[in-house]
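You will see chain A twice below: alongside chain B first, and alongside chain C after that.
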Partner chain A sequence: MADSKRTSTRSNERLAGWLFIAPVVAVLGLFLVVPILMALWVSFTDWNGQGSPFQSGVPFAGLDNYTGLFAHDGLVRQNFMTSIRNNAYYVIVVVPLQTVLALGLALVVNNRMLKGKGFFRTAFYFPSVTSSVAISVVFLFMFANTGAINEILGFFGVSGPQWFADPRGVLHLALDAVGIVDVNAPPAALSGHGLLGLSWWDWTSGPSVAMCAIIALVVWTTSGTFMLMFLAALQNIPTQLDEAGLIDGATRWQRLRFVTLPQLRPTMFLVLTLGLIGTWQVFDQIYVMSKGNPAKTTLTPAYLSYSTAFRDFDYGSGAAISFVLFLIIVSLTLLQRRALRERP
Partner chain B sequence: MRTLTARFAGYAILVFFSLVFLYPFVIQIATSFKTEADASANPLSPIPHPFTTDSMTRIFDGTDFPTWLGNSILVTVIVTAARVLFSAMAGYALSRLRFPGRRALFAAMIGLMAVPGVVLLIPKFLVLNQLGLYNSYAGLIVPILADAAGVFIMKQFFDSVPVSVEEAARIDGAGIFRTFWSVVLPTARPALITLTILSFQGSWNDFGHSLVAVQDPALFTLPRGLADLVSGSLGAGNQYPLKLGAALLATIPVAIIFMIFQRYFVRDANDGADKG
Partner chain C sequence: MKPGRLVTAVAAALLLTTTACGSGFDDKAGTAQQSAGPADLKILIASSGPAEAKAVTDAAAKWASASGNKATVTPAQDIAQQLGQAFAGSTPPDVFYIDAARFADYASVGALEPYADKVTNLDDFYPNLRQTFTYDGKVYCVPKDFSTLALEINTDLWQKAGLTDADIPTNWDQLTAAAQKIKAKGIVPLAMGDTRDRVGAFLVQNGGWWTSADGKQATADTPQNEAALTYVQGLLKDGLVKFPKQLDAGWAGEAFGKGKAAMAIEGNWVKGAMKADFPGIKYTVHELPAGPTGTKGTLSFTQCWGIAAKSKFKDQAIKFVDAMTAADQQMEFATAFGVMPSRQSAQAPYTAKFPEDAPFIAGAAYGHGPVNAPKMDTVLADLDTGLQSLATSTPKAVLQRFDKNAKTALGG
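After this line comes the complex of A and B, so read on.
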């Protein structure tokens, strides 16, 4: 009697388990797993958006959409490599900036002598929760030719650039300013030779002036989230550690360098990898603020894949770009998960 | 003396960065009530001169803003309710119920959490197009009714609370569904609130999905409509007061939720730090 009751509970549990999870499995299966498989198929075709990609007339392209991004000289590769360059410079600038800013703010907010922590924490974190589109609209206005940023620069006697119309790379501008190169007559050694469809001159541009405005926006919105992570970690460090350092006569800087920072290592790693993963996904801001302009200097792989598919109706190539981006991001994610598992 | 200097420097840094982080919102609010000439002549000024509600009037009379607002409310309410319920059910099943495939499903959830949203733009369009759901309310809503991260949060929550109460209820003869509804859910309140806020914020701010799910302006949500406004559907002039005003109105609901439920937002960011 007791046995049969237990068996029926078991089978009830089995059924209930599947019923409970069924809605999530159905939605995620149909709108996450199946679409990825469909897109994988489309990336091997030249489907133009007419009818179904599975009908017989759709030309099969094999690996052409992928080789076009890397191996064949042409506009497709040039655009793709430009987007990789832009996004790489974006990552190189955004990740260290947001990490340092987040850590710095967390250290100051965490200072025991200061009051009003709650307010400052809220103030720094608030931008992170707002809509990326809405906040992009605000920054578009602030970086307008007669906008707030240029007015502030004017206070210091600097005449600000026409941010979103300026494709010049800041590395080029810096080298030009110290007289190493002339932006208007790039050295032939760099402009005459190249790699993967871009000249060395193009590869070494640095982020464009327009991209810098987007970088400013993103650092501004994401620092607050990372500050909270650092803050949580700081609050978990036993105060005795710091006090021990104090008794030993360590200076403020020594305590930070040899006591606090080593304790923050896991959080530091998390913030850096989350930053790397997030920065390769920049899309909303590009869509609202620049659409890849000026002169393709704010084009990123995410935006390029969108515009290739939905503006040029080349869904195969667009999907191929998506999968390359997918690989980049997934490898960063795996790196992160592996390192987090190994941590003691 | 030294600590006094340090304290002063600390406050100076905090006040400076508070300005950096909050002043853009001050500019946004002020500009919404400026004339167009005033907005471009005094972009930094926090006081509109002259003060006008002209832009606000035009947002409601001259654009599709009311339609976008209605769509955003519809989508957000349905998506939030469904995500909270479905995530709680799935999280409970993964944490408490023994059924074949449980481990594999949980592993799959962890895997899906790593799929970045931006690479799903084309895939989502493909499936909506194939199913005939493109450009419909169903296409706008159904694909985002569940998310793996929500399931993960609920599973972690149920793992962290003792089973004793539910077991008592179950021994009393209540079925699994009744136990879940009247015993489990009420005790899961903190996690449910966190999830509600996350889902609200996520679906209210979502842009990518609406971009590939619909193209009819009558189906636009607020972020989609705003992006469309900026892309020049307004016609002549920059019309910054109108654009910033519309963006301001779109930000207010999340701002209010943030002020009320701040500690849940903070907790979420820290959970992120834990789960890695």
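After this line comes the complex of A and C, so read on.
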């Protein structure tokens, strides 16, 4: 008797629960899950953008759009691999830089001795709340050939590069500067052989000069947001811990390294994950500032997916690129979770 | 709630919604062709500016009230993307601009109605413009106007370099000689865009082109093309030609208008820009220098009035296009926003009214349209990448790379 009553209460609750989340399920399903499934279908077809992709005449391509990105020697694979290379260098530079900068800013703002905390907090956070398009345009002016950056460099006697017209990779330039290789005559061992449509020389270019300008912009805009997250975490750490360290005779650096940082581990994971996802999806800065130029060195998978679908009407290939990008992000996030796991 | 059941429930909900969507997306078979009665034409234009938008809107309103139809003109933000979405949703505008470079993409997927033979006096349009809008031997749509490239010379800088009218280059050697004299005075000789849309002119002047005339074969790797690119490369290496980005300009016309270069290779749109942004600069316009064999060459750019194959008002749409491309209407557009009429019968009134445009009009006879084959956009973008680094790369490698990529795109 009591048992059956409990079950019926339970099932009532279950029904009520479903009712309560029904609007969200419907909205998310309709505007998130269904479009994703439709895009997945498009990635298996050669749909040319005429009419619906679900009508009978649309040619089914199977995995062709995916194999085209990896297996067939051609422009599609070359563009895709170039975009992967560009974005990988971008991630490798941006994520550590913005994390360290954000942590540094948070430590400064969290300092009890600092006067005018509110001002600095706002100042550091300000770039994050400004429209990325507006900031991109301002950076275009700053990095112009006779812009502020090159004027400052010129003041120190350095002749600045033509930022957005310079496709040379910084790794190549660095190697050239120490005399190991010549940028204009790459060693045949590297340029003659390659992987997945790009020569080793191309793979090892590093971010281009143009990409560096975009990297500077992104680090500057996003570190404010992440600073806020670190700041919240820092303020949650009881001061007693720090004081205990002080009593034990730990130096300032030891307290940061062995007391504060371990406490920040969950926030660190959050910041790194959000940073990783955000940097792999970079689109608006590219769209506004460079459109993949010069010489495709700022091409990223997100922008390539857009241009393949909406410029070339190759919707299948464009959708396939975005799903590969999705897989890259998911697997990297899983790897990172594993690396940052707390060891017992 | 067990996770298994949750998944089932969500999946069921999804399935329901997808089927609902699917039916909504399906094309209604056999859209009724409503040819009689008043039409409601939707017209999407890629406007070059407020002047064009106003002129086309006014002309459409005039046509609408005279013919008893309705015509709504919408200037597009990004016409390629908006058209792409409209075709995907099966609700394309009835009439729209199509750029010559993208024409084949639309024609090859059956988005366009091949109406050109129903237009009054089709042969009156310049032959090379008609060729531009031909796909599989059929003229699809008629050009609304056209532009060609010419050489602009800054009068003051020209004199400063000690040059006279006799030095105005008519062939490559003279161009090099004049440029060297200008450079000796510390002035940048020539500003030119770093894409196929400018560099390609040198190929035409040397009797070559990227593809065969029917657009079915890649023919970039020829001695003529290699010689043309080598010539341009020489200009770049010697600092006789600078790309706009090197001069801190968005395009060559801006660099020219700011007085950063003594010459520029741009189209007739440069007129409007100079008048609006740099009214103080004195300049003259001349035909592009000819190649070593005396072949004149330039590039022509054009857009056509496309009519959607799925339009419900095709007959009225054709009548509308007919009215928009009548010689006197083209003259009105020419006056309003500085384009050149695409009908040969409008050439005499145009040159009478705008005598300074003679070099641009002359280009109509020998101008080459863009590569008009489908699926070539990425290949051409890749070519532009090669051209941007022309100063340091090998011309032959650039051409071979184009041929390889184009072959794949053109299918054999």
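Assume the second predicted complex is superposed on the first by the 302 of 344 C-alpha atoms of A that agree within 3 Å, B and C clash if a C-alpha of one lies under 4 Å from a C-alpha of the other, contacts with A are read in each partner's own complex, and residues count from 1 in each chain.
Everything that follows uses one rule, which is that contacts are C-beta pairs under 8 Å (C-beta built on N, C-alpha and C of every residue); 3 or more make two chains touch, one makes a residue touch a chain.
These numbers were taken from a predicted model, which means no experiment stands behind them.
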Query raised in the report: A:262 contacts which: chain B (first), chain C (second), both, neither?
Result: neither
Query raised in the report: In the superposed arrangement, does A:74 touch chain B (first), chain C (second), both or neither?
Result: second
Requested in this report: Quick one: classify A:283 as touching chain B (first), chain C (second), both or neither.
Outcome: first
Query - Partner chain(s) touched by A:55 [first = chain B, second = chain C, both, neither] - result: second
Report task. For A:167, decide between first (touching chain B), second (touching chain C), both and neither. Result -> second
Report task. Would you mind checking which one, chain B or chain C, touches more residues on chain A? Result -> B
Query raised in the report: So, does A:20 touch the first partner chain B, the second partner chain C, both, or neither?
Result: first
Query raised in the report: After superposition on the shared chain, which partner residues are touched by A:310: those of chain B (first), chain C (second), both, or neither?
Result: both
Requested in this report: Pick one for A:38: touches chain B only (first), chain C only (second), both, or neither.
Outcome: both
Requested in this report: Could you look at A:322 and tell me whether it touches chain B, chain C, both or neither (first, second, both, neither)?
Outcome: first
Requested in this report: Please write out, lowest number first, the residues of chain A touched by both chain B and chain C across the two complexes.
Outcome: 14, 17-18, 25, 30, 33-34, 38, 52-54, 144, 146, 310, 315
Query raised in the report: Touching chain C in the complex: which residues of chain A?
Result: 14, 17-18, 25-26, 29-30, 33-34, 37-38, 48-55, 74-76, 79, 144-146, 162, 164-165, 167, 184, 293-296, 308, 310-315
Report summary line: Note: in the complex, chain B contacts chain A through residues 3, 6-7, 10-11, 13-14, 17-18, 20-22, 24-25, 27-28, 31, 39-41, 43-44, 82, 86-87, 89-90, 92-94, 97-102, 105, 112, 114-127, 129-130, 142-148, 151, 175-177, 180, 201, 204-205, 207-208, 211-212, 222-223, 226-227, 230-231, 238, 240, 243-244, 246-248, 250-251, 254-255, 258, 262, 265-266, 269-270, 272-273, 276
Report summary line: In their shared complex, chain A is touched by residues of chain C numbered 1, 9-10, 13-14, 17-18, 21-22, 25-27, 80-81, 84, 87-88, 90, 105, 109-111, 243, 245-248, 375, 377-379, 382, 385, 388-389, 392, 405, 408-409
Query raised in the report: What residues on chain A touch chain B, complex-wise?
Result: 10, 12-18, 20-21, 23-25, 27-28, 30-36, 38-39, 42, 52-54, 105, 108-109, 111, 113-114, 116, 119-127, 129-142, 144, 146-148, 151-152, 220, 224-225, 228-229, 232-233, 267, 270, 274, 277, 280-281, 283-284, 287-288, 291, 302, 305-306, 309-310, 315, 318-319, 322-323, 325-326, 329-330, 333, 336-337, 340
